[in-house]
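Next come two complexes, and both contain chain A; in the first it sits with chain B, in the second with chain C.
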Partner chain A sequence: MTSTVRTRRFIVIGLLPALLLFSFFVIIPIIWSAYYGFFDWKGIGTAKFIGFDNYSEIIHDEVFWRSLKNNMLVVAASVFGQVPIALVLALLLLKNSWIHKFIRTAVFMPMVLSSVVVGIIWGYIYHPEIGILNFLLDSLGLESWKRQWLGDPAVSMYSLMVPIIWNYIGPYLIMFIAALHNIPSEMDDAAKIDGAKGSRKLFSLTLPLIWDTIKVAVVLCISGSLKSFDLIYIMTGGGPAHSTELLASYMYNNTFAIYRFGYGSAVSTAIIIISLFLIAGSQYLMKSKNR
Partner chain B sequence: MNKKLSIVATSLVTTSILLAACGSNGDTNSNSNGKEKVMLSLWHNYTGDDQRAQTMRAIIEQYQKDHPEVELDVQAIPPDGYRTRLKTVAAANEMPDLFVMWPGVMTKEFQSGNLLQPINELLDSKKEWKDGFLPGSFDGFSIGEDIFSAPIALSPTSILYYNKSILEENGLQPPKTWDELMNAVTVLKEKKITPIALGNKAAWLAQSSIFSSLADRVTGTEWFLKAAAQDGAKFTDPEFVEALTYLQDLGKAGAFQDGFNSIDNTQMEQYFAQGKAAMMIDGGWALTNLAASASKETLEQMGATVLPSIPGGKGDPNTISGVVGTGIGMSSKVKDAKKQAAYDLMYAMAGPDAQKRVLESNQLVSYKVDLDKTKVTPIFAEVYDLVNSVTTTPVYDGVMSSAVADELNNGLQDLLMGGKPEEIAKKVQAAQEKEAK
Partner chain C sequence: MLQRRFSSGLANGLMTLYALVTLYPLFWLFTSAFKSNEEFYSRPFQLPTTWHWDSFSRAWKVSDMGTSMFNSIIVTGASLVLTLIIGALAAYILSRFQFRLKLAVMGLFLLGMLIPVHSTLVPLFIVMNKIDLLNTYGALIFPYVAFELPIAIFIIQAYMNTFPKEIEEAAHLDGMGYWGTFLKIMLPLSAPALSTVGILALLRFWNDFSFALVFISKPELKTLPLSLSQFATGYMTDYELTMAALTIAVIPTIILYLIFQRSIMQGMVAGAVKG
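Let's turn to the complex of A and B:
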């Protein structure tokens, strides 16, 4: 037995437990769920095989498309909100003085709060009767800016983005700071010798060196926001009249509120497909940018 | 050798972890005398701090004390998640022995999945108890001759609560007709008082509390039952569109406070309890909350009546939409000694004593009990009298399937934001047609 074969065998055995758990709790449920998507099933009683009917209903359901659109808005807000803000903060808060540490902690804080708590806090900020935001606008003499932040479909989706961005800056900030600390100091010295400063240094040295981290952050961001559910569920429940529905809440409502398990399964399969496409697409885009 | 050992060890660990994760405990158990103890599982949603929940918990504890030969496995699940949990175990065919369940759609679904067994035997053995229920109490729990539960609550869903002092100060009377209601809205609006408190975030409230009665006034009960069965009537019929238009007019007149789509039922009850709104259209469930959150003086200021009549409406104005509330259901798997124990517990929780204690906890019941008015709040006594003097009409989501009710709920939210009544009617009709297929 050669040593490479032995190592390889050991790697397989070492991975086996994790692989088994992963397939039991992730892969198999995904396949099951896609399979249930072919049935008309209320969760109780017999399931009736209906072929692609659920999937074609998804394509024809305007609420699904609205959820998809809202979800894309959330993805955009996360990718173009969370990541750049986290990056800028990371660049500003790189030093280890106490004030920097304090601000870093403050930015990370929402992350350790349960999203139910965050949802309730922001629910009160936006509250139509006793909300701080409307109260603040009142006292600044900006009555005309007052809105029903969560009740008016024209603004509710945008109101929801603020807590979503605010809530998840923390982890990206930590990732970026770690990446920035990993840049070898020789690079800094070399940049100094070559006379690169300020934005020139940022764009030619710092950003390319942490580009991989940014890519990871963007992927996490996309997959995270496609799954986003908790904050919206607490704050609006997808309402009023489906105006803030996201893919996950649409799936949840169909499955657990009106008990169409088959249809809900089909929707979750659709979500997986959309997520895979988005992530593949973003990977491709960022790869070509790197060249 | 060493390598082989490690392979064996790794796979052992893996399998044991997996087995531990998948395994479950058996449910037979014997006590020290060698005599078999009866294991009985019960799921309920009496987790709150309100009087009714406390009373029910006390009854269950008492039963356990009186029956040492029974080992109760009680799971108390908060109301918000209860239905979902129950439906989930129903999907997996792992029902507890006894559980709190709803009449109507849920009973039908469970019965068609063979998850329930009838309790006619128990009811017939206690004739006096069975006869004590108000007429129609078992309707929602019956399929054919089989009765599956006895209700422990009555939920009128649409009572017009009003604040006597606010109405008096503005020279108004509790509205009896639609015009009086619209007039009250205008007068109160001018004085910058919220006419009607509404919290429709969860979307079912406008449907269950306002629309179920309002639409009944316009269309009459017969039309609704026909439309729900798609038998000679459709939701696109002019009378349904007219009912939707009435609700929209009320919204357009500014009857509800700002942001009613983003506050919930409890917040709306508090808003009314604090005297910030002149009226509120809410169900009988508000009574326990009001008793808990309003001061004694405010409670004395509250009155209750039926929704106003509609000019030319086909329905009887002296009605309240309502359903009998939850009861205890029994799993089809319960047999032998377990069955007797289950019957005893069911009787303890829904029998005459329990009904009386529940009523005295400010919760209406569908059972003939003489109410001792000193034990409850004045508004409860008023609602109790009101409910006993009117007839009950169906609630929309008690008759419609959950998918159609969901369409209507969202439609009503849309309607109050300016959606077209005709289009909402069309969507409801489409959902109903799909369901009938």
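Let's turn to the complex of A and C:
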């Protein structure tokens, strides 16, 4: 009898710190912000209840839709940029030779750098006057290709895709290599006996066998797209003219630049709902394709 | 045979080229740190004509990197210790004990992994403003630990699940209590999982920018990424200074990466798949 009491007490005491910290700094703020989303509030003073006004303003704000579209562009860049590049590299990098190890190390390297560092480096690369990209175009005689890479709203979002892709290929590469290593060697032998080689082997054997991993990678691209805030804050701050605004920077700018805490709370609630929908949707797609 | 060797050589060549292109921005950063401001944009692709070492000490002083390095070490260290202890304890209980709300607790942590971190910036700011936590070390330490706990718990718990039951039974016969079993048996045995969790958490805490940006405004509490971000606005035209500061900031993480490469890669993939 006493031993069950002791066990119970140990369970409670052991779980308490984790549960308290997690609830207080993750769950409760989210519930609060859902609540503040219904108020007009400047961060100080009294908050005025305004019902769904914040949400209807979000839906009618053109900048919000642009941010959502930019987030979707990041998803597209990841799905059609990172995944294929990582896959091709993985197919060629299976061996444990030093050269393959070196290439894997190099490709993964950007993942461990602070996004502040990555943002500043690429800011210099794209710089209109002193940037090495325009310098390179000049010395190749391609002056007409020179751009204000980050300053021209027509190209700025696309310029940002390159560092985003560059930054996050590593994990996909490692995932694909692990998946390829899991293909049983009997499969390889069977393919050899059947005379399947090259691209036929790739499309009829290898790709189907790692298809599940590819689907996981696509889901990761979707959920990961919300994380590019740091890079964009450093490189463009969401400008020029909101052309590179993401959902997170839209929320940040509305809250901390113009002190609309009620509105910012509503946006943050909207982001959580959107991302849960995206994750649920992508999970659903994966399930139905599994059959 | 000859043709095969040629094509694999070609593939290796192309991929090495790709690796070098990937590394080039870093290489350019390191060489530029030694250049003068004029050389920085007039000869961006060449090595420096004279190697300027003095930019490093100037960058260290001008941006007060000593202070921000100190703050980063305190915040990262404290968060790391808390994450490992609290996470391992919770993982031990979830892995070894049966109780009624177990599934609910695990579901709660799982939910935490689905929430995009950036969407909580505004709500967290409001909460921490209410309890006067803004502009303290705690404003970073507590959220870091809270957001790292789910993945820490899942990785450690999965590892502990593989231990045979006999281990604890033996400890029990030796008269060890739950705390003794946790501290003297489960913790040491989980060392590989703890080191994976630890290295990942360390990198995340050390590199975090968005929490520091929103929760810290006092100059004397700024962490390294936050003080570096001011170069993006303040000293952007003093190139050699900016490049030297970035180099100082990047070197420790690259060294860590080269040492712990295997567990970083595996951990990040495991974390990404679960997250």
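What we mean here is this: the second predicted complex is superposed on the first by the 250 of 291 C-alpha atoms of A that agree within 3 Å, B and C clash if a C-alpha of one lies under 4 Å from a C-alpha of the other, contacts with A are read in each partner's own complex, and residues count from 1 in each chain.
Definition applied: a residue touches a chain if its C-beta (ideal position, glycine included) is under 8 Å from a C-beta of that chain, and two chains touch if they have at least 3 such contacts.
None of these values were measured; they are calculated from a predicted model.
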Chain B versus chain C as contact partner of A:T236, first or second or both or neither: first
Contacts of A:P208 with chain B and chain C, given as first, second, both or neither: neither
First, second, both or neither for A:A257, with chain B first and chain C second: first
Chain B versus chain C, judged by how many residues of chain A each one touches: C
Touched partner set for A:T105, first chain B, second chain C, both or neither: second
Partner chain in contact with A:P84 - chain B first, chain C second, else both or neither: neither
Partner chain(s) touched by A:G119 [first = chain B, second = chain C, both, neither]: second
Chain B versus chain C as contact partner of A:P29, first or second or both or neither: second
Which of chain B and chain C A:G281 touches, first, second, both or neither: neither
Doubly contacted residues of chain A, that is, touched by chain B and again by chain C: 14, 17, 21, 24, 43, 123, 129, 256, 261
Chain B to chain A touching residues, read off their complex: 6-7, 10-11, 13-14, 17-18, 84, 87-88, 90-91, 109-110, 112-113, 115, 200-203, 257-263, 271, 402-403, 405-406, 410-411, 413-414, 417, 419
Footprint of chain A on chain C - complex, ascending: 11-12, 15-16, 18-20, 22-23, 25-26, 28-29, 40-41, 44-45, 86-87, 89-90, 92-94, 97, 99, 105, 108-109, 112, 114-127, 129, 142-143, 145-147, 149-150, 153, 177-179, 182, 203, 206-207, 209-210, 213-214, 224-226, 228-229, 231-232, 236, 239, 242, 246, 249-250, 253-254, 256-258, 261, 264-266, 268-269, 272-273, 275
Of all residues in chain A, those that touch chain C in their complex: 6-8, 10-11, 14-15, 17-19, 21-30, 32-33, 36, 43, 89, 92-93, 99, 102-117, 119-125, 129-130, 132, 135-136, 166, 170-171, 174-175, 178, 216, 220, 223-224, 226-227, 229-230, 233-234, 247-248, 251-252, 255-256, 261, 264-265, 267-268, 271-272, 275-276, 279
Residues of chain A touching chain B in the complex: 13-14, 16-17, 20-21, 24, 42-45, 123, 126-129, 148-153, 236-237, 239-242, 253, 256-261
